[in-house]
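Look at the two complexes coming up: chain A is in both, with chain B in one and chain C in the other.
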Partner chain A sequence: MGRKLLLTHDHVEGIQGYAAYRANGGYRSVEKALKKMTPDEVVEEVKKSGLRGRGGAGFPTGMKWSFLAKPEGVPRYLVCNADESEPGTFKDRYLMERIPHILIEGMITSSYALGANTSYIYIRGEYFYVARILENAIAEAYANGWLGKNILGTGYNLDLYVQVGGGAYICGEETALLESLEGKRGNPRIKPPFPAVAGLYGCPTVVNNVETIAAVVPIVNDGGDEYAKIGIGRSTGTKLISASGNINKPGVYEIELGVPVEEFIFSDEYCGGIANGKRMKACVPGGSSVPILPDYLVCKTAAGEDRLMTYESLSDGGFVSGSMLGSGGFIVYDEHQCIVRNTWNFSRFYHHESCGQCSPCREGTGWMERVLHRLEKGEGHMSDIDLLVDVAKKIEGNTICPLGDAAAWPVAAAIRHFRHEFEYHVLHPDKIKDPKHGYREPIMPVKPEPVTA
Partner chain B sequence: MAEVIQGTRAFNPSTRAGIQFSEEALKTIEALMKRYPEGKHKSALLPVLHVAQAEADGWLSPEVMDYVAELMKLQPIEVYEVASFYSMYNLKPVGKCVLEVCRTSSCWTRGAEDVVDYIGKKLNIREGETTADGMFTLKTVECLGACGGAPMLQCGAEYHENLTEAKIDSLIERYRAEGRRKCYTDLDYQNTK
Partner chain C sequence: MSLLKVTIDGKTIEVEPGTTILQAARQIGPDVAPPAMCYYTKLKTSGGYCRTCLVKVTKGSEKDPRPMPKLVASCRTTVMDGMEVQNYSSEEVVEARKGVVEFLLINHPLDCPICDQAGECHLQDLSYENGRSKSRYEFKRRTFEKIDIGEKIQLHMTRCILCYRCVKVADQLTPGRVHGVINRGEVAEISTYIQNAVDNEFSGNMIDVCPVGALTDKTFRFKSRVWFLKPVDAHRDCDQCSGKAVVWKYGNEIYRVTGRKDQWGEVDEWICNTCRFEKKSPSDWVEEGPRKINRHSVISQNHYGSKTRFVASPESLPQKQLS
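Now for the complex of A and B:
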């Protein structure tokens, strides 16, 4: 059993409520930080911990915090990103629903470290019932003196609010989120300026993911060095993984970074293997935006080493033979899933969610969706395959925000590893016209022959 | 992507006659606006539109949006452009229960299309349509963050996961019996102040 830092008390009766949370050591980090540490000392512990942003990009949190501008007389804000809309990701919801107070506690400790006196949790509108759970937890925290004026008699003031969104994946992108929090359309801003300098209402702002903020609690309690002992290299601590798709035990698992991918998929402690005794065909290890991997690259790298659940190991091989840890949205596909169909599904998602500001993204995502749909219906041409690669390349790197890349990568990766399956769709339209064609005739990935020098 | 608002026209206070939110909703809206710094109350627009939608039979007509603009002291266009950007705001009337089935990858691989087909046949509507009695609307939506419980659907504030035909049957029966639209209205926003 791996160590747990966030879900330690997951199964304690009543842990959703304040009394049980407090009885199990809750809010110690606030006491410690406010009474015994300066804000800079808290930032220092977070730096030492090596914690990297859990929202997807993996940027070192301590470094991000130290970039926060601190002009005199200007308020600073901490905004928690609870938009969680990356397909395959549902860990933040699980955490907020089961142990809402760990997020509230993390928000207080982190707001103190950053010198924020007003903080917001921006949560996707669909998580409405979770927003209510958070509202209740916040009310309990106010009632017990953890929020409001002069917290613990230290003179530190903090107000914390939840804001619900309106349904838009793009509002997970931090500058779109800030626009949305200001009551506007979720159009990402051009950077720079970065939020650390001009964020919410033009003031210095830190935006962090739910899990990142929650991780500050054990880091302050036990010290950054202790946290950094878990994991491998620059992947420290624990990570929540949302496991879904064709596995026996879908759900949220807290892992120590460094667990072998093979163990994660096949052991009973985690996913419990592929459902219905089937074979694994492919895996998207970090949410829909990261490259898909064919079976032979999931548990082993191209060099034949065991792949581990770390930022570095999952991206080993770059985009040629690797992927990314991303948000930890781990989706497994069995032999009967059609990759063309799935790629079309993702494309439709990105087209639907493009905010429409940049033409490569707005037009390109729609174009990819239409071409993929045509291929999936058995009406495609061979030239469509390279057309898709071409469109993906033209979107990549040419947009205001990374949604464009996120739309391009899955398509490029699917064609890179499953080209023969795309070709099969063109060559056998009769078979493809059956919408359940994936089930009739499994097409497994073809491992390329090693090139001998 | 953004939808076009049908029937948008010049701001005309007289068209709001007859629209009036409940006392509770008005109080909630006022409290919501207080959550932001002086002069930044526009920030409350997204949550306020959810309240408005719940008060206005589940959708935002141009008149309702004008009313929201007046309540929040915003220009109507500021409200229209937000309402048309986000997928949760309905710009056309919807049934008393909107069944939103997730159609994204994890749910798709575990039978989301069969769920849509089953509900469609059972209620005799296609995706995007509302039953003749105005009770149910069937929609497909993108990932709702419940991929581990695939296939799933959302109705109002409720999530229903690991759907089976039997589960769908009893769900529809319950909703029909309740005949309700219950969603954003029952939030006690005053909690934090």
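Now for the complex of A and C:
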């Protein structure tokens, strides 16, 4: 049984409320940080913990915090990115719904560490009911003296606000989020300057994911060294994984980083194996934007080593035979799922969510979506497959923000590993249209093939 | 501050700190300058959207010689001392730019034969120089209704490439912006809020900055092709603007008035709507003489008389005619 740090008390009666949360050791980190530690010591603990951003990119949080510019007389801001919109990712929602106070607690401790007196939680528009839960929690925190003026008599002031977004995926990109928070159109900014120098209202700003901020609580409570003991190598601590797809027990799991992927999918403690006694065909280990992995590369790397749930192991093999941990949206496909249809579905999402600011993403996502739709309907040509690879390559890396990459990677990876299925769609349009056979039947036998990386 | 040394395609130049790669390349010359569709020197915060000016930085600076991991937008990246940049000499950049041109063109109507911008259109130049000859896009192109924004300007959104230049003009030149980008992604469009009219004295500059034929001068629409007109530098006393403009004449008649554009297609000085739309009589203007036009431009086909007559050199003629 893995150790839990965030979801330790998630099934305690009334944990949503302040009383139960406090009775189970809540707000200890605020007491410890504000009374016994200086802000720099908190940053130091986070650095020692090796915590990496849980929103997808995996950038070391301590380093991000130490980059924050600290000019005199300019306010600093901490913004929590709760705009969780990646298909397949729902861990932040679960955390905020079940234990809203852990986020509030993390926000207070982190704001203290960064010297921010005003902090924001930018939450996705579709999570309006979660925003209400958070606002109740904030009201309780104010009522009990954890927020407001002169917290715990230490002279530290903090105001915390929840801002509900309009429901655009792009506003999860940190600079688009800041634009949206300022009340403008949610277009990503051109970097540099980075938010650490000029962020919200032109002031130095740190933007962190919900889970990252929540993880600050156990780090301050137990110390960074203790946190760093969990996990393997540079992937320390625990991670929330949103498991979905054709598995027996979908849901949010807190794992210690370093759990083998095989154990995560097939053990009863976690996903409990593939549903309905079928076999696994593919897996997207980190949310829709990361490359898809075929079954023979999910549990083993191309070199034959066991694949572990860590940032490094999942990206082993680069984009040829690896993927990414991303935001932890773990989607498993059984043998009867159509990869072409799935890729089209992802592509349709990115087409819909592209902000339209820079040309490769604005025009390219729509183009890919149309070609994929044509292939999916069985009206495509063989040349479409190479066209998709080429268009994905032209988008990737040439855009302002990572949405272009996120749109290109799943398409490129699906064709890299499942080209035979795309070809089948071109060659047998009659079979995929027939509802009796269609894409719900196994299109090609799923067999492990040796891979040359 | 000392000057910074930057090498672009093997050519070295020393520039002021704060100069962007694009500006440095323009100082070296047109051989190495990347094309720019959205960047406009006179408009702050412009650039970075179209991605045609992508370049490869092979050496970050003297202090930190690591190359930059991705291609960067040269219009928004400032040079560092000792930076080495590849533009046309990098296969990767050429390929990426070809991709960008293709993206810009897949939804462009390519109605050049009936477009007023033809002949002075940056997208035409860009695709001629950097694009491929055939499109691989086989779907319906997106279209919009033409709308009038203001009395003198027509917006043909179908041709727009969303460079945001006109938005920046409205933000930085005029008292209140009433148009902007609405919707998102592929269907994002420039529009005024509920058919609001753009009505102020400097709105006409939006036509000059538009790199394509999306914003056109309603007093000139379908009057003539630009290469049949004679561009003549002229000025007049204006209490609102500098009054320095180019009048485009056919015989003795003034067909249109625009700002004076430099080598990179950017106007030197903004002009007001009175000069642009109202003053179409030769007596309004003091002529300074014919405007110098690059002889490679189609506009220079027009003759100014025997002195500056366009003479085709053998290499500029199409191969067919030579054989």
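General remarks:
Note that the second predicted complex is superposed on the first by the 435 of 453 C-alpha atoms of A that agree within 3 Å, B and C clash if a C-alpha of one lies under 4 Å from a C-alpha of the other, contacts with A are read in each partner's own complex, and residues count from 1 in each chain.
Rule of thumb we're sticking to: a residue touches a chain if its C-beta (ideal position, glycine included) is under 8 Å from a C-beta of that chain, and two chains touch if they have at least 3 such contacts.
Note that the structure is a prediction, hence the values are computed from the model and not measured.
Judged by the touch definition given at the top, the superposed model places A:Phe264 against neither chain B nor chain C. After overlaying the two complexes on the shared chain, residue contacts for A:Trp367 are found with chain C alone; chain B is out of touch.
Counting the residues of chain A touched by each of chain B and chain C gives the higher count for B. Judged by the touch definition given at the top, the superposed model places A:Gly397 against chain C, while chain B stays out of reach.
Contacts of A:Tyr311 after superposition: neither chain B nor chain C is touched. Applying the stated contact rule after C-alpha superposition, one finds that A:Ser359 touches chain C and leaves chain B untouched.
Within the superposed three-chain model, A:Pro75 lies in touch with chain B and out of touch with chain C [touch as defined at top]. By the touch criterion stated above, A:Ala168 is placed in contact with chain B and with chain C alike.
Applying the stated contact rule after C-alpha superposition, one finds that A:Tyr27 touches neither chain B nor chain C. In the superposed model, A:Asn246 makes contact with chain B only, not with chain C. On chain A, the surface touched by chain B in one complex and the surface touched by chain C in the other have residues 168, 185, 351-356, 362 in common.
Against chain C, in their complex, chain A makes its touches with residues 168, 170, 185, 190, 351-360, 362-367, 370, 387, 391, 393-395, 397-400.
Of all residues in chain C, those touching chain A in their complex are 47-52, 54, 70-71, 73, 76, 95-96, 98-100, 102-104, 106-107, 136-137, 139, 161-162, 180-181, 183-188. In the complex of the two chains, the chain B residues touching chain A come out as 1-2, 35, 37, 40, 42-47, 49-50, 78, 81-82, 85-89, 103-106, 108-110, 113, 141-150, 154, 157-159, 183-184, 187-189, 191-192.
Residues 75, 84-90, 92-93, 118, 124-129, 131-132, 135-136, 138-139, 142, 159-161, 163-169, 180-186, 201, 242-246, 250-252, 284, 288, 329, 331, 333-334, 337, 341-342, 345-346, 349, 351-356, 362, 435 of chain A are the ones that touch chain B when the two sit in their complex.
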